[in-house]
């Protein structure tokens, strides 16, 4: 991949998954870039919502944290933290939520809490924040993550945010109102999820990545979609629009 | 009673029950007069709260309804209807609440819902509004009511707002956070409530009213406090301050 | 998502309100969308379930006009005046048609809306116990508190089919600034499947975005926006007009009989085309007398970087 | 009720914060009351239960200083930067002392505060099920929904002993205008037994009363009012100052070792008398660089009659 970094590739692929008019719960960093990019390119009416309670934000810079006042200046509406989770997320008003984490398994369950044992952690991570709430309530969960063996695991050390549990049948018993995981976007491929089993399935390979590479970096036997696609190469227009969003390359390393 | 009407008497007696610094949930009409009178006389820091969500109101006229914008102009704070009931009443932040109704029994239970049968009403009254919520959550309930036989009843047709249920022991089992009925102020006397049984008890006789008159207008055998008091006659200062609050005599008929 | 949702009240009602819908016209005795109620009457909607904490005169009119089969409420009075005679006539005597009631305390009803707006499974609350209301309403139930073992009263979410929310100012896509007594406006909008915003003023999006904390209803939950000055007459709108109290008092006399009520409806609802036709019938001197003196809020600074 | 509650942060902390209290310094990465945290450290409070959705740098400092025995939280990171090293050192290695944790999702923790603020017996919520959090936290329980029969996750109210809420402007008795990201400020104030308000500006009561919808905290639940400009540095305050992001990045380096952290505390917390002493150590050029361009809200009219 010559003209763009793997982070740039992932952000551009993620931006393409967003539809005009959708409401997106955005985090800081890479998801923020993906949402802003989609807004500039094909989804001008994408509604950006942040878990700090800002609705229809129009940030003048890359927000430094979820509580950055630049998410408020010129926003459509602001509400309290509890109200954001109650009226918007639990209210079923959010179409897409971005999640990340230290580990993910084949059903899209995510760990952002702890490496090792919960009571005697090897590495204590920040924890759920809004992640579990987002996973439980949005129509589509999108995960952006580098494709590394330490991140893709057979079993997460701690299940912070539910994907399709240990399969879609048991997930249904939880009666979460959300639609569950929708896409996992890595530097190698885009996974979608099997409609019946809820298992992660390679849907599209990026650039010159191969199924072998994907398998090498995934500890379980990867399922492949019946119609495996080849991801469209990022266009110059996409790359330029993206770089203009992060001129200091804070996130586009 | 020569120089003041029985309504004026009741309002003045009610105003005296309010302590400086207390928070009072005020209704329109007579309770509004009592609270404003107390504020002018001995309780400048009385906090007036209305169920429409206004806190620290400073109305420039007698409010026309609970939703009168004059309760907002110059108030300390305003919140939504649900928030008023949740943060203030259920939050245990209100000391005194005024209630009225068509019927009251000897435990201070109030009916403001229906005369006759609920399903086939003889007279359909407005219903609880916030009354049951107030009765369940304030520290002291004060009732202002003309002393009439049709209002004081053995058993209310419908129990809208709980007083001491059918006695304080059973009331305790409801585990309401409020303190229950505190005073019933009529044109003849002030009732307080027996600490053990929760029964209405004549605490103070107004002007030249007699226990016989009270008994005649109360269908059960009235209990009398060990130390029965004589209500202080309204002072000129009280009467004048009250009349200035309702110059058009909308409520002071 | 169409960002310009402006249309007439006639179009908005025709598009969003169907027979047998559950309808909630918001406003806790403040900013009651009378113009929407009148348009629903003119369009002859039937079998509606009317929900409002305080039915007020507007639902009295809709009940008299025969729009309603059921009322969900917490205080059915003419605020500051007395009874709602049309409500009572329907409920007590079945005139013009029997009226079913479903009744709560204010906390119970506003709690149902809050639970509807936030999609809570149910709302536990410290009220109802000891009252005669729960035995008459099987939707008021109890659960056992898993922390104390106590019995706790709960109510279910209320999710109206249509909400009409009147606001002081909105932009063309429906972002709405509301101030003064905000009542159940926000909760009603979030609880409902379809939302009609009517506004005293339509302003530029930049006015809304200059103060996002004031936006209680964001555009993406709004279906229609109606520019409807004086929508709330005879009720009040903070900063715009006072209540026409003489009318509230007069309503008590106008509605002594069902026939006299119909005469009012004939003249003031069926006899006009829309709200501007209604306002033309009101003397200018009356209109002038309802306008308040201005009292502007101190500005705040939303600057960030 | 004393209507003038103005005092220094030193007096307010001394009066309201006791050893072993549960303390909540509010602010969802915005308007974090750093000055209150520093004063609590200076006064040597011990065995505190520190509650905050986002512990942020301020609790990292209090943990390093040995004030805390327990942390109640939902996201323990350095927002936008990475880890909170002092939190991790205490929790993973017991340095300077073991740190117990009680952990929720953001909705769970903000829901506990909401339930505390409104004195709800418990709060049912659509989250937690399927997550590994409930098995590790016995306060997250379930009840059976009396309408659907489904299992529903619930959390209990959280009622801190003391809340510190930083606001843009307050009057001397504590009525507080808050705007921008209002986070959990209101809920924290209502949930707590004692409330300390710190404000960028103390204004006349008339300024507050010109816009009562903006008053998220009313005076009668407030115990102390502290006029503390720049209280939230290095975090941000809408309309007043931007985040000192260089410090957030630097904190990651400063805290690589417990000893280097103590060195920071010696200089910037123990080495100054109060917030104004702290601010004197910051170059004017840095202070100037954090000030935003003004962006005033469009006024609204609160006129009634």
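Going in written order, the chains are labelled A, B, C and D, and every chain counts its residues from 1.
Throughout what follows, a contact is a pair of C-beta atoms (placed from the backbone, for glycine too) under 8 Å apart; a residue touches a chain by one contact, two chains touch by 3 or more.
Keep in mind it's a predicted model, so treat the numbers as computed, not measured.
Please give the intersection of the contact partners of chain B with those of chain D.
A chain counts here if it touches both chain B and chain D, which gives C.
Using mean C-alpha positions as chain centres, tell me how far chain C is from chain D in Å, no decimals.
Chain C and chain D have C-alpha centres separated by 37 Å.
On a C-alpha centroid basis, what's the spacing between chain A and chain D, in Å?
Chain centroid spacing, chain A to chain D, equals 29 Å.
Report, in whole Å, the distance between the mean C-alpha point of chain A and the mean C-alpha point of chain B.
57
Indicate the residues of chain A shared as contacts by at least two other chains.
54, 68-69, 72-74, 78, 86, 90, 177 - these are the residues of chain A that touch more than one other chain.
Counting only residues that touch at least 2 other chains, which ones in chain D make the list?
119-120, 125-126, 150, 179-180, 182, 213, 236, 238-239, 242, 292, 295, 302-305
Linking chains that touch, what shape results: line, ring, star, complete or other?
Shape of the chain contacts: other, as it matches none of the listed patterns.
If two chains touch, include that pair; go through all of them.
A-C, A-D, B-C, B-D, C-D
Given the complex with chain D, which residues does chain C contribute to the contact?
Touching chain D from chain C are residues 119-126, 141-148, 150, 152, 154, 156, 168, 177, 179-180, 182, 207, 210-211, 213-214, 236, 238-240, 242, 292-305.
Show me the residue ranges of chain A that touch chain D in the complex, using the header's touch definition.
The touching residues are 28-29, 51-54, 63-69, 71-74, 78-82, 85-86, 89-90, 113, 118-119, 121-124, 126-133, 136-137, 158-162, 165, 171, 174-177.
Can you list the chain A residues touching chain C in their complex?
Contact set of chain A toward chain C: 20-21, 23, 45, 47, 54-56, 58, 60-61, 68-70, 72-78, 86-87, 90-93, 177.
Can you name the residues of chain C that touch chain A in the complex?
Touch list, chain C to chain A: 1, 3, 117-120, 175, 190, 208-209, 212-213, 215-221, 302-305.
Touching chain A in the complex: which residues of chain D?
It comes out as residues 27-30, 53-54, 73-77, 79-80, 83-84, 87-88, 91-92, 103-108, 110-111, 113-114, 125-133, 136, 150, 179-187, 235-239, 242-243, 245, 248, 292, 295.
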